[in-house]
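These are the structures, in C-alpha cells.
Each of the next two complexes has chain A plus one more chain, namely chain B in the first and chain C in the second.
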Partner chain A sequence: MANVTSTAAAPERLQLLRVLGPGHVWALGVGIVLVGEYMGWNFAIGKGGMIAGLVACWVAGLLYTCVAMIDSEVTSTVAAAGGQYAQAKHIVGPLMAFNVGLFLVMAYTMLEAGNAITIGFLLDTVAGMQGHSGLNQQPFIILAVMFLAWLNYRGVLATLTFNFVITAIAFLAIIILFLVVQFGGSNVPLDFSAVAEEPLPYGWVGIIASIHFGLWYYLGIEGTCQAAEEVRSPSRSLPYGTMAGIMTLLIAATLTWYVCSGLIPWEYLGQAGTPLFDAARVTGSTGLMVLLFIGTIFSTLASANGCINDASRAWFSMGRDRYLPIWFGAVHPVYRTPYRSIVFLVPIALIFALGAPLDQVVTFSILSGLLGYTFMSFNMVMFRRKWPLETIKRGYVHPFHPLPAIVLLVLCATAYIAVFLGYGTQLIAMMCFYIVASLWFHFWRYRFVRRGDQFTMPWPRPQGY
Partner chain B sequence: MAYQPPKQGFVAQIVDVVVLLVLTVGALYLPLYLGLAGATKTPNPIENPTWETLNQNVVEQQQWAALGITDPAAANDIVTARFNYDFSWTALIVMAVLVIGYFVMVVRLSDKEYREVIDERFGPKR
Partner chain C sequence: MDMWNILEYAAWALSVLFAALMLVDLARVDSTYDNDLLTSSREGEIEATQERHQI
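This part shows the complex of A and B:
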C-alpha cells in the first residue's frame, strides 16, 4: 500500500526516506506533547482550581484517547505525509484537506512559538536566581528555533533520534521528581489542603473553563501520523507508537498534577511559567532543580523540534498537491527533507514567539488543534460509511465505533465553550480566518489543483459516489 | 477527459502566499492589538495582608518562601486575583453558529470538489 501511495502521486519525484520505527513515532508524538507537562497545563488550575485541573486532565485524556484510537485506524490505512491532511483529502474532500492542513500548520507553529517563549522565560528565571535578572530572552528564542530548523533541514532520522533521547530524559525527570517527593526527599511536604478547603473556587463553570488548558497536557499526540511516509511499516508502527504515546502521557499528566498541586499553592501554580521547575525549587534539592531545568529545556526543544517536523510536512504536502504554490512541495536532493517548507515556517514561528504572550500563543495552538479534533470525529464516521470494514484492509481497527467519535465530538463542543469563557474573541477571529481562507481556496486556489491526483490510495470507489 | 489546471506564474504564487500570510497574522494579531484578546484575572487585594488573612497555612507559607516570596504583600495580588466568567448568551450563540456554520460550509463545498475527484479517478458514476 505504501508504495502505491507514494508512486501514484508522481513516480519521477524524489520521495521522503522511509527510515523510522515505532520508537521514533513514540518520540515524535510524546516529544511534541511532553512539554505540556512542563508548562501551560497549569493554567487549567488557574482557571478552575485544583480539582478542576485534575478533572480537566482526565477529561482531556479521554478526548485524546478517542483521538488516538481514531487516528490509529485511519492513519494505519491512509499512510501519507501530512497525516490528517491526507485523510481529509481521501475521505471528505480537497477543501476540508486544505483546512486540516492549515489547522496542523497553525497548531504546530504556535506550539513551537510557545516552546521558544518558555525556553527564554526559563533562562531568564534561572539567571534571576543567580542574581542576573533582566536577561534579554530574544537571542535565546531565535537561537533555539534556528538550531532546530537546521536540524530538521539536515534529515529526519537524526532529528527524531535526537527527539527520542531528549524526550526520554524529560520523561524520566518527571518520574524521578515524583519518586523523590513521594519518598520524603522534599524539604517541604506535599500539601493538598486546598483540595478540601477551596476545591472549586469558581464552581462548576471553573471545571468547564479549565478544560481549555487541560488540552495542553496532550496537544500534538496526533502528530505521530505526520511521519507516515517516513515510517518503515506504517500499519504497525503508527498505531503502536501512537497508543504507547497516549499511555505515556496519561501517566505523566497525572504525576505532574499530583506533584505540582502538592508542592505549589494553587494560586501561584495557576499562573506559573515553568511549574515542574518551580516544584523542584520548592523541594530545596539542587539536584532536582538541575534535573527539572534540563527536563524543561529538553521537553521544549523536543516539542519545538517535532513541531517543525510536523508543520513542515503538512505545508509540504499542501504544496505538493498545489493547494499552495508548488514551490513548497520540493524535497531536498541530498537530505530528502521538505526543506523549503521548513525554512519558510521559521519566521512565522518567530513573529509569534517574539511578539505574543504565552497564554495567547497557547490558545491559538489549542484552537487549531480543537478544530482538527472536531474534523476527526465526523471523518471517522464518513470513513467507515464510504469504506466499510470488509472493503479495504486496515492496519488497525479501533473498537466500539462510533462511540469514540461521538465522545470526541461532545468533548470538543465542551472545549469550545471552555475557550469561549475568556478567549471568545480569539475564537471568533480564528473562525473568521478559516471561513475567509476556505472561500479563497474554493473560489480561487482550487483551479490549480489536479482533480484525479487527489486520490492516490488503492481503494475501491467510495460507497455513495 | 482529465481536468488540466492553468499554469500559475511565479509572481502569482508569491501573491497567494502573501494573501495567506496576511490573513494568518491579521487574524491572530488583530485581537491582540485591539486589546480584545485573552482572559485577564482581576486582583482583589486585601488591606494589610497576612498569610492567615490570605488563607495560606503553614506548609503553604513554606512553599511561598521556597518560591522566593516571603512577604504576604507580594503574594496579595496573586492569591486574590480571580477570573470573571460572566458571559453573554448572544455571544455564545454567535460562536456556536460560526463554528457549526463553518464546518457545514466546508463539508458541503468539499463534497462538491470530492465528486469531481472521484469522477476523474474512477470515471463517471454509471
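This part shows the complex of A and C:
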C-alpha cells in the first residue's frame, strides 16, 4: 500500500496527498471563475448599461478582493480540507460550520451543473453552425461531468495540472484578443460613444441591479481554500495562489468589459450568450474566433473541474467530522482522493444539469456563495478578536482590518438587494432550505459528532474563554 | 448518420466507460481495504508536525 502515514506511536492513517504548489492554487481559483468572463457578466450591462456594467465589475472586484484577503489570512492558519467550513468550525461553532459546508457544496455543485449545461449549449451551437440541427446535448453534458469526476477520482495533481494548462490558455486568449483589438487588428474599431450618449439608461437603480451579474466575474475565487490540505506549504502557497488569482481576475474582468463594450452595442451585449466569442466574431478574424471558442470551452471545463474538486473536499470534511455519515470521509488508498464524496456528488450534479434551467442553477450557486461571503465578514472579526495577531502565527496578515470585513458586509447586503430584485422567490426558497437543514442538524445529526475530535488546530485558548 | 450523430454515440460510450471505471474501482477498494483504514484521515496533521503557528 502506498503512502500511508504511520508512526510507532500512532496507527496507520490515510491522508490526502500534499503535492500542490501556488500554481495549482491559482489554477483552482481562477479556473473556477474565468468562465464568468466568457459568459454571464454581460447581463450586468443589460440591467444597467455600459457604465453600470463597469461599476458592477469594479464593485464586485472590491468585494472579492476583500474575500481573497480575508480568506488568505484565515486559511493560511486553518489549513484543512473544507476551507471555510473548517474555519467556521474553529472560529464560530458547529451549526455555522454545517451551514457553511452546505453553502460550499451547493455553490460548487450548482456551478458544476451550470458549466455542464453550457458545454452542451456550446456544442449545440457549433453543430448548428455546421448544419446539424437538434443536437442531443445530454450525452455531452454527462460526458463532461463523468470525465472530470474520473480525473478528480484519479488524483489531485493531474486534476489541477490539467486545470492550470486550460485556465492559462483561456486567460491568454483574453489577453490576445485585447492586444489584437487595441493595436488595430479588428475590422470594427472600438466605439465607446454609448458611454457619453446613454451613460445610465435605467438610472441609478440599474447599477444596483447590475451588481448581481457583476459577481460572475469573480464567483468562486474563494475555492482556493479547499486545497489547503493538499498543498505542500499552506501558509505560503494559499496566500500566493489566492492573491495572484484575484489580481488575474481583476485584469481579465476589466479587459473583458473594455473589449466587449467597445466592439458590441450594449443593447446586444446585454443579452449575448457568449460575449467574448461574439466580440471575436465582430473582429472578422477566423483565428481569433477559433481561439476564443477554445477559450470558452476550456474555461467552462476548468470551472466544472475545480467545482468537483471543491465540492468533494467540503463534503469529505463534513463526513470526516461526522456532520454527515462517516462513509463520506474515506480517502482512496492509492490515489489519496476523497473518492466516495466525488462519486456521490456526480448524480446530484447530473440531476440539476439535465433537469433545471441554467439561470436557476447559477442563481442558486450565487446565493449560496453570497451566504458564504456574509459569513466571512463576521468570521474575520471573530478570528482577530479571539486570536489577536500576537497569539498565533499567520502565513499572511491582511491590511486595514476591520475595513475589508466591513466593506465585504456592506457589499454583500447590496448584492442581496440586487438578487432580490430579480430572483426574490429563489432567495426565500434558499433561506428556507438552509433553515430546515439547520434544524435537522441541530436536533438530530449533531448527536453523532465526536465533539472533542473536530477541533484540531494547536492554537492557544481563545481570548475571553 | 453524420459526424454529430457519431459523436453523440461516442459521448454515451465514454460516459459509461468513465462511470464504470469509477464504480468498479470504488467497489474493489471498499471490498479490499478495511473501512477503518479508509476513514482514518484526520484534520490538522500538518499543524501537529510542521506548522504549529507559534509566534
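Please note the rule applied: the second predicted complex is superposed on the first by the 452 of 465 C-alpha atoms of A that agree within 3 Å, B and C clash if a C-alpha of one lies under 4 Å from a C-alpha of the other, contacts with A are read in each partner's own complex, and residues count from 1 in each chain.
The rule is short, and it goes like this: a residue touches a chain if its C-beta (ideal position, glycine included) is under 8 Å from a C-beta of that chain, and two chains touch if they have at least 3 such contacts.
Just so we're clear, the structure is a prediction, and the values are computed from it rather than from any experiment.
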item	value
Combined model on chain A: chain C and chain B, fit or clash	fit
Chain B, chain C and vertex chain A (Cα centres) - angle in steps of 10°	110
First, second, both or neither for A:T374, with chain B first and chain C second	first
Contacts of A:A356 with chain B and chain C, given as first, second, both or neither	first
Touched partner set for A:P199, first chain B, second chain C, both or neither	neither
Touched partner set for A:M430, first chain B, second chain C, both or neither	first
Touched partner set for A:F448, first chain B, second chain C, both or neither	first
Chain A: partner with more touched residues, chain B or chain C	B
Chain B versus chain C as contact partner of A:W327, first or second or both or neither	both
After fitting on chain A: smallest Cα gap, chain B-chain C, Å	13
Shared chain A contacts, counted only where both chain B and chain C touch the same residue	326-327, 454
Footprint of chain A on chain B - complex, ascending	2-3, 5-6, 8, 13-14, 16-17, 19-21, 23-32, 36-39, 41, 55-57, 59-60, 62-64, 66-69, 75, 78-79, 81-83, 85, 87, 91-92, 94-96, 98-99, 102-103, 105-107, 109-122, 125
Interfacial residue positions of chain C with respect to chain A in the complex	2-4, 7-9, 11-12, 14-15, 18-19, 21-23, 25-26, 29, 33, 35, 37-48, 51-55
Touching residues on chain A, where the partner in the complex is chain B	46-47, 88, 92-97, 99, 106, 129, 187-189, 191, 193-194, 197-198, 201-202, 205-206, 209, 263-265, 267-268, 271, 278, 281-284, 322, 324-327, 348, 351-352, 355-357, 359-360, 363-364, 374-375, 378, 416-417, 420-438, 440, 442, 445-452, 454-455, 461-462, 465
Residues of chain A defined as touching chain C within the complex	4-5, 11-16, 18, 77, 79-82, 86, 127, 130, 132, 135-136, 139-140, 142-143, 146-147, 149-150, 153, 229, 234-235, 317, 320-321, 326-327, 329-334, 339-340, 342-343, 346, 390-394, 453-454, 456-459
